[in-house]
């Protein structure tokens, strides 16, 4: 079993808040991330797929295919977008890095399987100091 | 003469657009950066100050003072903010990296002088691939 | 279960040596790291906490709380300090990266639990080439 | 149990292709990586070793010994070399990052044991976007 | 005047050698870079353009145009190529980082002018330790 | 004229203080950098040399020679050392990044000339946030 990781990037706006909270409650809970006028990040996404090495190609899966899959399923939806308003798989969820990672996992798990690999980890870095990893429901 | 550089960071939302353009014209000119729902970046800011080394301290200027100045004059205004809507020194300007760098220069030039240094360069990195440097009106 | 990581940094002096060794023995065992006049590093610390996502906040734990905890319990004790002479939780221990990571784990395990998460990993990078991970006594 | 990681680097040429494929088939399968005139990378190698901390030294293993081992067993064979033509442990294999990682594991597993540690992971980064991890046949 | 920089990357094989030298002379002059079987690098290219900010757009030049220009004029010729054998503007030249930077400058100077900017600097990083800057014949 | 840069690194202890100051005065002026028990950094050093490209080699100067020069003249004196106590060219000076950069320049200027280049810039990075550049007495 070998683990292969592809890095992709997207730049997006978001806001952490609850509609049932007052501005003051949102500020207390989410700090400056609750700014009603939005803020944004250069997100870095690492997608790790595991599998056996195909002796015909030397690949677990073709990274070009994986990159195109992430591009079409994830980056096109997130890049230069407002995560709260415009991303279908984030509707009705708090736009935290945790939920973004879980949302990306749910989008990628099945199509990665169709490529012949098994999704192992989705890592999302919001800043150079903050990141999240999700390994599915196994752990 | 020695040149000393302090790095600071801010995360902000912005949009590139002209109010006198249609959405289609904005898209043609500014691409996906014109998204009306905003997007955002982790901006990295490098401020370079030049001066003689003070023999009493070994410093051009005290980097702690420079850091606090950048924090109070720039970062507090930009971090977790919407550059188009909320930043006083960007009002009425296109929120391009070029204009952000020039705006930061104009905010910092005088107070850096009060610290005893001379502002030499403001560098703003919007992504790992895109950055801008401004050296004032000298060049 | 989601894993969330916060990066913090500290700059410290240390020395690898045993008091029961001669200078020559220390040099043989620890190389130039045994220099009696100390040397130092920019250490990078990654603290990973695991837990379920709180549906009220979208957070495993609030990274602001985690950052403040690491700051008060770890960074204030280590930053701009001499690890051998001044850090309470390193007294009587060899100041290796391994022991620093274990020491940080022991300081953080209980208070991270009080924040509602479970400490998963402490990673300490001494240089861009050398790093250590500790996952507690589980492994 | 503590995990310690050493980073090393090598610059090498390679080509992804099968001798039983036509140029066109190789292009279809391996893309521009199949260029018959070779291309190359700055590979980054991370070797992780696990073990108990030796109370006499504070080390899992001495990183200087690990670095010298990686240098003599791996870097000298790969650095400024053609992976397809010149690296003994890659003969008869497709020069994919997956196979390079497995090949390095097989070269290092026994001698790392002689140093008193247990090889845990070999990570090979081909570019800033593409990397592979191998943990041996355990998984 | 504002300076704007775009980063692009290419992975290529090369060899430092002179056809009029014996293998031994090449080894003495160019070290392991003279390996007749080639080696390679992940090159990083920074292209800096200077100009006035266009008040209609906030741009010195549109970075999308600059990126496409670098892609079509430089990256397509260099990426996954053998610099000695396959790159038209490097024919008859030693494939040193210095000559690569000068060659890229000569390719880009005129078309950057057509975009409305003035080429200021071409920086080529061969490894994280080695890089070259060329500012044209002005200096 | 082409500019070529070599990166090297050293890990050292230092302290910012004046012997004619009380501990309190040192703390007021130099902050936690005045800790009498020392602290330390992973310093990164960038040495830039300018010159014409030698048509015989394609080099401004051979980077291997430059690297060996920096190693023997600078790194051996600074790496794993106490800058205040053990570095000959820093005796009698405040161990600020500014003075370190000037000191390195003075050590390198003549021998770089003997290699056939002209020293252009010494850049010293103390942390990822703080750095200094020195270009000699020209500016």
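Note that the chains are named A, B, C, D, E and F in the order they appear, and that numbering of residues resets to 1 at the start of each chain.
The definition used in the following text is that contacts are C-beta pairs under 8 Å (C-beta built on N, C-alpha and C of every residue); 3 or more make two chains touch, one makes a residue touch a chain.
Fair warning: this is a prediction, and the values are worked out from it, not measured in the lab.
Student: Which option, A-B, A-D or C-D, should count as the same interface as C-F once over half of the contact pairs match?
Tutor: Equivalent contacts to C-F are found in A-B.
Student: Where the centre means the average of the CA atoms, what chain is farthest from subunit C?
Tutor: Ranked by distance of C-alpha centres from subunit C, the top chain is E.
Student: As a test of understanding: of all chains, whose mean C-alpha position lies farthest from that of subunit D?
Tutor: Measuring from the centre of subunit D, the most distant chain centre belongs to B.
Student: Using mean CA coordinates as chain centres, what's the subunit D-subunit E distance in Å?
Tutor: Taking the average C-alpha coordinate of subunit D and of subunit E, the gap between them is 29 Å.
Student: Just curious, how far off is subunit C from subunit B if you go by their C-alpha centres, in Å?
Tutor: Taking the mean C-alpha position of each chain, the two centres sit 34 Å apart.
Student: What are the residue numbers in subunit A that touch two or more other chains?
Tutor: Residues 128 of subunit A touch two or more partner chains.
Student: Please give all chain pairs that are in touch with each other.
Tutor: A-B, A-C, A-D, B-E, B-F, C-D, C-F, D-E, E-F
Student: Provide the residue numbers of subunit B that touch subunit F in the complex, in ascending order.
Tutor: 1-8, 48, 50, 53, 56-60, 63-64, 67
Student: Tell me, which parts of subunit D touch subunit E in their complex?
Tutor: By the definition above, subunit D touches subunit E via 9, 11-14, 32-33, 35, 37-42, 79-82, 85-86, 127-128.
Student: For the complex, which residues does subunit B have touching subunit E?
Tutor: Per the stated touch rule, the residues are 16, 18, 29-31, 93-99, 101-102, 128-135, 139.
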